[in-house]
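Next up: some structures, all given as structure tokens.
Shared between the two complexes below is chain A, which pairs with chain B and chain C, respectively.
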Partner chain A sequence: MPKLDKGAADALVWALLLTAPFWLPHVGGYVELGSRVVIYALAAMALNFLLGYTGVLSFGHAAYFGLGAYGTALTIKLLYPSTPFGMLVGVAVATAAAAIIGPMIVRLRGVYFAMCTIAFGQVFYFIAFRWFSLTHGDDGVSAWHRMPINLGFTTVDILNDNKAFYYFVLAIFAVCAAAMAFLLRSPFGRTLLAIRENERRARFLGIPVDRHIWMSWVISCFFVSVAGSLYALLNDFVDPRALRWDQSGNFVIMAVLGGMRSFWGPLIGAAIFLVLQDYISSETENWMSFIGLFFVLVVLFFPRGVLGIIRRKAVS
Partner chain B sequence: MAGYGIGSRRDLAAQMTQLVLFNVFNGLIIGAFYALMALGLSLILNLSGVINFAHGGFLAIGGYLAYTLIPYLGFWGALILSPFLVAGIGVLVERVLIRRLYGRDPLYSLLLTFGLAFMIEDGTRFIWGAQSLPFSIPTWLSKPLSYQFFFLTGYRVFMVALVGAAVAGLFLILNYTRLGIRIRAGTLDLETVSVLGVNVRVLRNLNFGLGIYLAGLAGVLASGMLGLQPTVGDNLIMPSFIAIIVGGLGSLPGTLLGGLLIGVASGVTSVFFPSASEAVIYVMMAAVLIVRPRGLLGEEGRF
Partner chain C sequence: MSLLQVKNVSKHFGSLIAVNDISMTVEPGELRAIIGPNGAGKTTFFNLITGFFTPTSGSIIFDGQDVTHLLPARRVWCGMARTFQITEVFPELTVRENLRIPTEVASGLRLRAWLSQADDVKIRDRVAELLVMGNLADKADRPVGELSHGDQRATEIMMALALKPRLLLLDEPTAGMGDQETYDITQLIRKLHKDSKLTIVLIEHDMRVVFHLADRIMVLDQGKFLAEGTPAEIAANTAVQTAYLGQAA
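Take a look at the complex of A and B:
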């Protein structure tokens, strides 16, 4: 296959994303699916900031995704009907939660870190499930919807216009992706890579490893909560499944499937996973088995992910 | 009138004591389940570095197999045979799937067992149906032992006794049999154990089976109390993780202690703040992580 250089790959990704609402219906998709892919891609890329670039295994990112979603939904429903305000509150709440939980877990490593993130993630699941008067438990937060965005000179009707909402999501995705790329290129990002490659050496160089992992954790949770907030807006609804542990597993499999060592990997993983899930769940009731089987097959046969395989082929 | 007042106060006190006792005992039972499950998870985690997400699934299989076997073998036969069958499935799964992932990033084994958990839940639903199934236990076990302490049904006492016996058996195996000693040695330093001529692959295989056996046993016992659903393991797996974290990674006595502790804590909390009975175990976990990140009985510097 022809070797793509970095600039060309970026251009290709953006071209595909920008034109998605126009070609998606022609290949059997629909615009909401496109929005969902972009939202999950943002979540998986945010997770990969921690997983692929810092080398820390979090299995509890659904909690912050869900907090962002609940924060946005409840703010719009109960406090003030404004989409940007709701997103701001949701993201702030989720990031604050991550910042508080961070110091308790950043000293842990490997499987222990993973276990604690799972367990802490479940706290928020139980809160959402149990606090019926606020969250309506298993029924979820409904009877609200995203509000058109007033830019002063014009109003963007993201409520009724699918394509407008897609581009709204894509614009936020673009800002977040650019911010993450910028962070990874900065000295801070390079330090994270150094920690991933050899934590002990990084420590000997005088890098405060725990603090860097905490920062990476909070940044990662911040971006995943932005995705969660958009997810609530997409569905005009949120229920506790948004923050259950299987959601965390989905983020991880997306990152792994696309390729953890590459910036765009999680985007590709999210696209493959969601299209597959969409197809399987419309074909059979036993979609859980197939998704489970999919996890097993990916782990056994594609541990480097799609981009990892392509890159290895390009090198050899 | 005064006597009446005192009497009613005494009644109230007696009722309260009974309520607290009931919940402590209830917590102990739940804690015993957590511990049984967490011990299995801990065994596998310590020797192989694998977090077995599918543990709850194996628990469900244990319950369902017992349900299927009861018409042929009766309760006792099912109780004995079912955990062994589940362990057999576990050994097979380890051999075919999990063995390939040793030595790789723990991420992969986590994802694999995650997928397995999905498949098992869906599989049990496919075979036995999604609706809750009744699980019959011998009638003489379901009678209360005393009318004063109405909560002491025979089955509950029997369950605690059986869990106790299983835990005692596990520690006897680990301390006095060659297999157990090798497992413990492997937990500390697998490489040396391998150099000394122990077949580590077989060791990990058997160890996995042992862990799954405990899950299967917990499954049979839990179905007698909670009934059978495909998701029966779901509610037990998170507390089992917390039992391990609270007790300390790498320490089996710690895991046992952690399980009982969180069980009793959530039992007692449910008397005073029913809605916080789940939250309290997470609070305990946070407290342990802040004060003593390696867990109550965990070794320093293991993780």
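Take a look at the complex of A and C:
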């Protein structure tokens, strides 16, 4: 096999995702785990839009994930009990925050950029933690739940039917993944690759680099906030851990673990991370040290991630 | 009207004066070479023209517009394109992709999230044309990072050309190359100059290349202007000989 066919790989991924609720229980999983994997995969792929395709490392994506989650939860709880409306508000608030913070950080590079994204992320964490009257601090936003979706001719009961919720999540994931893939193949997407490959060259080819990084940042934060919104709906609950810095770290681990130069890499990384977490955490509280060990091994021996290994095998 | 007028520019780095009060005028269609011993300030002078640095004093007029304080990307939009002394390409992308990016920028498509069929065909045709011009057609789908130094340099020049510049600035286009590669690149530059009537400013160490290509030559030494003239005038200039060969006995 000279090269793993791109179309075949895509088809395989979609086939597995579409049938997951049916085969997951037979391999020791459960439907909610599938939903969680898809949601985190969306978050990690959103991060990878910036990390893998623009070459900019953010360690603060949990902030926009969490803003999406809190926005959705509080809207449904306090404003209007509608799932789509809650998602809309959550995503809009998070994307607006990213758009405003963006210009303050896009001139920074490398570790300075990463540090500033952490710093801004922790600001939101402490707001969620301290603003007790609104967020109930450490206790989180509870006593609300996702609402069935009224499509006019029929109602999809994503509240009680966990398969329906999985497919609801998967449909949104599909739209987001397609949009990201589409963007990356466009002239705009190629300017991002140019910045990743060689910023100086990009600048002297007439690409205003800071502005394009800002746009990539906002797009990336938009998609991560969609994931955050779904995450709140999955749990019918959100607490400040959703936007703490270690959550940002998890997104980075997932992207790097799976392979940040491949489009599906972060999905694979999210699946490995969450399945390991699910299985090991039922055995020991120190599950994170196993994931850490696995992560170190992958980074040391397969710097292109798990998908990088498969691809290399396919080529040789 | 002159295409490029550099008026009394200086650049200070702390107490070091890298470029000291240098002026230069380049006419449309001219091929100007800038030469000088190491540390003469050639590359710094180049960086002032292209916006890598802002001059400490002086001004730069390009095509009648004052570009002294414009950002590099904006100068590219005005019609300036450059290459670097150490080749700057997109190593993991193919030659075709390397050329496609500047072609799209030059066509005003850099913010587009989609391309119409007609635009796509136009871009592909232009890239194919550039591949042929740079003798790169047979390597079009290989990552640039895998190619020889000469082919990488040819790619970089074609990338600059993809921008449809009115002024092309080449910083030591033959640096670190063997004889054959130097010859190929020299022929390419000559073709661009003669056939496309492109205005070119280049820095070069290889005197065979300089005297073969240049219409006029400017000589810098220790950050200062030393001489300017046709290749014959420069070859006969005693001050230039002294700068290159040291104080004559």
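The rule we apply is simple: the second predicted complex is superposed on the first by the 306 of 316 C-alpha atoms of A that agree within 3 Å, B and C clash if a C-alpha of one lies under 4 Å from a C-alpha of the other, contacts with A are read in each partner's own complex, and residues count from 1 in each chain.
Convention: contacts are C-beta pairs under 8 Å (C-beta built on N, C-alpha and C of every residue); 3 or more make two chains touch, one makes a residue touch a chain.
None of the values given here were measured: they were computed from a predicted structure.
A.B. asks: Looking at A:194, would you say it contacts chain B, chain C, both, or neither? Reply first, second, both or neither.
C.D. replies: After superposing on A, A:194 lies in contact with chain C but is clear of chain B.
A.B. asks: Answer with first, second, both or neither: which of chain B and chain C does A:85 touch in the superposed model?
C.D. replies: Neither partner.
A.B. asks: Figure out whether A:204 sits in contact with chain B (first) or chain C (second), or with both, or with neither.
C.D. replies: So A:204 only meets chain C here.
A.B. asks: What is the contact status of A:182 with respect to chain B (first) and chain C (second): first, second, both, or neither?
C.D. replies: So A:182 only meets chain C here.
A.B. asks: In the superposed arrangement, does A:302 touch chain B (first), chain C (second), both or neither?
C.D. replies: Neither partner.
A.B. asks: Which partner chains sit in contact with A:288 here, chain B, chain C, both or neither? Use first/second/both/neither.
C.D. replies: first
A.B. asks: After lining up the shared chain so the two structures overlap, which partner does A:256 touch, if you call chain B first and chain C second: first, second, both or neither?
C.D. replies: Only chain B; A:256 stays clear of chain C.
A.B. asks: Determine, for the superposed model, which of the two partners chain B and chain C contacts more residues of chain A.
C.D. replies: More residues of chain A are touched by B.
A.B. asks: Identify the overlap between the chain B-contacting and the chain C-contacting residues of chain A.
C.D. replies: Common interface on chain A, chain B vs chain C: nothing in common.
A.B. asks: Any idea which chain A residues touch chain B in the complex?
C.D. replies: It comes out as residues 51, 57, 59, 104-105, 107-112, 114-116, 118-120, 122-123, 126-127, 130, 245-246, 249, 252-253, 256, 286, 288-289, 291-296, 298-300, 303.
A.B. asks: What residues on chain C touch chain A, complex-wise?
C.D. replies: So the residues of chain C in touch with chain A come to 50, 52, 71-73, 76-77, 81-82, 84, 88-93, 97, 100-102, 104-106, 109-115, 159-160, 163.
A.B. asks: If we count contacts the way the header does, which residues on chain A are in touch with chain C in the complex?
C.D. replies: 182-183, 186-191, 193-194, 197-198, 200-209, 212
A.B. asks: Quick one: which bits of chain B touch chain A in the complex? Just the residue numbers, please.
C.D. replies: Interface residues on the chain B side: 45, 49, 51, 97, 100-101, 104-108, 110-112, 114-123, 126, 238, 241-242, 244-245, 249, 275, 278-279, 282, 285-286, 289-290, 293, 303.
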